[in-house]
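There are structures below to look over.
After this come two complexes, each holding chain A, first together with chain B and then together with chain C.
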Partner chain A sequence: MGFEVLLKGNNFLRLLLGLGVSLRISVISVLISILAGIFLGILMSTDKPVIKLFSKIYLEVVRIMPQMVLLFIVFFGATRILGINISAELSAIIVFSFWGTAEMADLVRGALQSIPITQYESSKALGLNQTQTFVYIIIPQIVRRLIPLSINLITRMIKTTSLVMMIGIVEVLKVGQQIIEANRKVSPNAAFGVFATVFLLYFLACWPISLLSKKLEKKWEI
Partner chain B sequence: MSDVLRIENLEKRYEDSIVLDDINITVKKGEVVVIVGPSGCGKSTLLRCLNGLEKIQEGSVVLEDQIVNPVSKNQEKVREKIGMVFQTYDLFPHMTILQNVMLAPLKVKKRNKQDVQTEALELLDRVGLLSKKDKYPRQLSGGQKQRVAIVRALIMHPEVLLLDEITAALDPEMVREVLDVVLSLAKEGRTMVIVTHEMQFAKAVADRVIFLDGGKIIEEGSSKEIFEHPKTDRLKTFLKSFTYDEQ
Partner chain C sequence: MNTNVIFTYLPEYTEAFVLTIRIAWLGIAIAFGVGIISAFVLYFKIPTLSAIVKIYIELFRNTPLLVQLFFIYFGLPRIGINISAETCGIFGLGLLGGAYMAESIRSGLDTVSESQIKSASALGMTRLQIFRFVIFPQAVSVSIPALLANVIFLLKETSVFSAISLMDLMFTAKDLIGLYYNTVECLLLLVVFYCLMLLPVSIIGGYVEKKVRFGMFGV
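Moving on, here comes the complex of A and B:
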């Protein structure tokens, strides 16, 4: 079945280290995206035309451009045009944060707008000031609405890190390919075993997050 | 009896259209004032002006000695003395019933938690909802939610309670349970300003009825005067729209 190649030398360890690279890129990008996304999302829910226009263009760019094209632009393009040398991993983090921030901001905007105005009013009517209204009434409801949506975004970001091998980052999928190439003659079936293992590793990385999301959703059912 | 709430020359405009025109109402302590009128006559807007949720262009709303409207900074200080219950209950969905009731006294008045809890439980018991204290709003019926909303306002010990069409979103069989609570509040001498479409209820609860039409006070008087001896044609027409007998 081709699983035996993983037991040769330190192949399995290399695969795990590759997964580590994927997760490092995802975790850093996800953190940046969440923080920047919350900030931008709040800005977007104000009715300033300039911000609206800017965020619309930003969102459209992110939606239309394949992530791989963005990776190429930043990694190959920026180096040429700006004359700065950005490492592949930093390029990946920039692109993933750029993408994640846009989607997160849109989720935050949607969640904010889904809170009926009467929630603000009844809080005001009870004498709560603006800060108290946000801390006790609005933010807890937004967080509850955001959890399932942002978990979906996070798992998508983790999965999409498989693209970064295209700019030369040796992450889990690339390591897998290397192992397959190296063993082409001795174990021709390696492709199945290795890719199946990669699949399993991705699954193990994303599944606990999904479980956590389900648990929180159940706990916080509104 | 002393005046609690004074509304003087109140005017509310949206751009060019006048929504409320030269409204003067004085509410005495312990008085129940009911505002009736056709849809869109401005009665809900008027109520919202009374706790500063709507800005006004002319005139003033004064609670005892504090200005409520025109809205100023530190509005919260005055607002906590004016309880308001809305048509759509607007409980906080992420909190249990007890948490909903206890939030404002704890956070706004910074009262002792033990005292607040004792009082909250008493009030919930009074409206027959003690057993629901750990439920979430989604688990309650409309009538039950509205009774919680009343309790949530009451626990702030408001000087005036504003009720904005609190039965309008309820199924008919739940209207009674909510109105019974309001009637008992009226009996114990709460000062209230009520906007309602329930004419029978208005008749039963009101010390004074105000008929509002086109943003103006058309007629004002005791519930007997308004419902049994209406003077103006507009009020007569309005009252007729609630009866079905051919005349």
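Moving on, here comes the complex of A and C:
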């Protein structure tokens, strides 16, 4: 079946290291997206027309452009148009952060707008000042709504990092291909075993996270 | 920027565009089919089948399409299952989409409260009538936004087909960039064609979403 290839030498370790590359890119992008997304989301929930227009265009671009196209634009386009040379990994991080920030900002905005105005009014009636209202009333509610959704964003980010092999980053799929190529003569069926393993590795990376997200969502249901 | 180049490339892009759309819509149609069946299996809690459906949904929701395609296209032939790139693309998209559609439809079905179903049966409605007149209209209006988001997501996912050497938009762009180095023009065309494919869906989707929102009673 081709699984035996993985037991030869350090092939399996190489696959895991490849997965590590994908995970590293996604963790960095997730951190940037969450921070930038919270900031942008708060900005977007204000009613300034300029910000509204800008955020609408930004969100629509992210919504309809495949991440792969964005990757190509940054990786191939930037060199050509701006004359700067961006490494494949950096362009992947730029694209995923650009995409993730939009998603996160939209989540933050949605969460902020989902808090009914009565919450603000009641806390005012109770004599809380604005900082107290935010710290004790609004933020705890928003965090409960946001955490499951942003955890979900992390799994999507991990899944999307599989695209980076298309711009030449050596990650788990590429390592898999290399192993298959190197063992073409000895085990011709390696493709099945290796890709099945990659499939499972991705599943094992994402499944616990999405389970956690589901569990928290249920626990904090309002 | 060279406008002549753009016109010379147009036919190739159009061809790729047609191929992408064909695969995308066939895949999405399969996704809807698989999704509806899976959602029903889960909703009516059919034994054993619903365990299988659960595993299928978790497996396909938690792995990237690229990895699924590699497995189907390069892996399966090694154990004697040969499929062409196009069929692989259609089924890959269909299976991935099915898992997402199933979740969206099921969550729509779940919003219809138990008491409504009980009241309907107290009024003497048959199971089929309950489904047709009580559950279905409410579930549809709840799931439509999620289903539309899935359609857009699946249309975007078609961009990975180039990895299994289907001559889609992405493949054409990469190919032409490699051959003639007209990077800017190729990327511009790529963006324009993806806009052509996705903007209408996004705009119509927004309109439909507004229309059905009024149907959300009792939610």
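Note that in this section the second predicted complex is superposed on the first by the 217 of 222 C-alpha atoms of A that agree within 3 Å, B and C clash if a C-alpha of one lies under 4 Å from a C-alpha of the other, contacts with A are read in each partner's own complex, and residues count from 1 in each chain.
Just so we're on the same page, contacts are C-beta pairs under 8 Å (C-beta built on N, C-alpha and C of every residue); 3 or more make two chains touch, one makes a residue touch a chain.
As the structure is a computational prediction, the values presented were derived from the model and not from experiment.
Student: Output check: A:Lys124 vs chain B and chain C. Expected answer is one of first, second, both, neither. What do you get?
Tutor: In the superposition, A:Lys124 touches chain B alone.
Student: In the overlaid three-chain picture, which partner chain does A:Ser55 touch, first (chain B) or second (chain C), both, or neither?
Tutor: Touch partners of A:Ser55: none, neither chain B nor chain C.
Student: Let me test your reading of the model: by the given contact rule, A:Gln132 touches which partner, first (chain B), second (chain C), both or neither?
Tutor: It touches chain B, and chain C stays clear.
Student: May I ask you to name which of chain B and chain C touches more residues of chain A?
Tutor: Of chain B and chain C, C contacts more residues of chain A.
Student: Applying the document's definition of touch, where does A:Trp220 land relative to chain B and chain C: first, second, both, or neither?
Tutor: first
Student: Return first, second, both or neither, reflecting whether A:Ser150 touches chain B, chain C, both chains, or no partner chain.
Tutor: Neither: A:Ser150 stays clear of chain B and chain C.
Student: Just chain B (first), just chain C (second), both, or neither: which does A:Gln141 touch?
Tutor: first
Student: Which residues of chain A are in contact with chain B in one complex and with chain C in the other?
Tutor: In chain A, nothing is touched by chain B and also by chain C.
Student: Please output the residues of chain A touching chain C within their complex, sorted ascending.
Tutor: Where chain A meets chain C, its residues are 1-2, 60, 63-69, 72-73, 76-77, 79-81, 155, 159-160, 162-163, 165-166, 173, 176, 180, 188-196, 198-199, 202-203, 206-207, 210.
Student: Please name which positions on chain B make contact with chain A in the complex.
Tutor: 51, 53, 76-77, 79-80, 82-84, 86, 88, 90-94, 103-104, 107-109, 138, 149, 152-153, 156
Student: Spell out the part of chain C that touches chain A in their complex, as residue ranges.
Tutor: 58-59, 61-64, 66-68, 70-71, 74-79, 152, 156-160, 162-163, 170, 173-174, 177, 183-184, 187, 190-191, 194-195, 198-199, 202
Student: Mind listing the chain A positions that touch chain B in their complex?
Tutor: 116, 118-119, 121-129, 132, 136-137, 140-141, 144, 220-222
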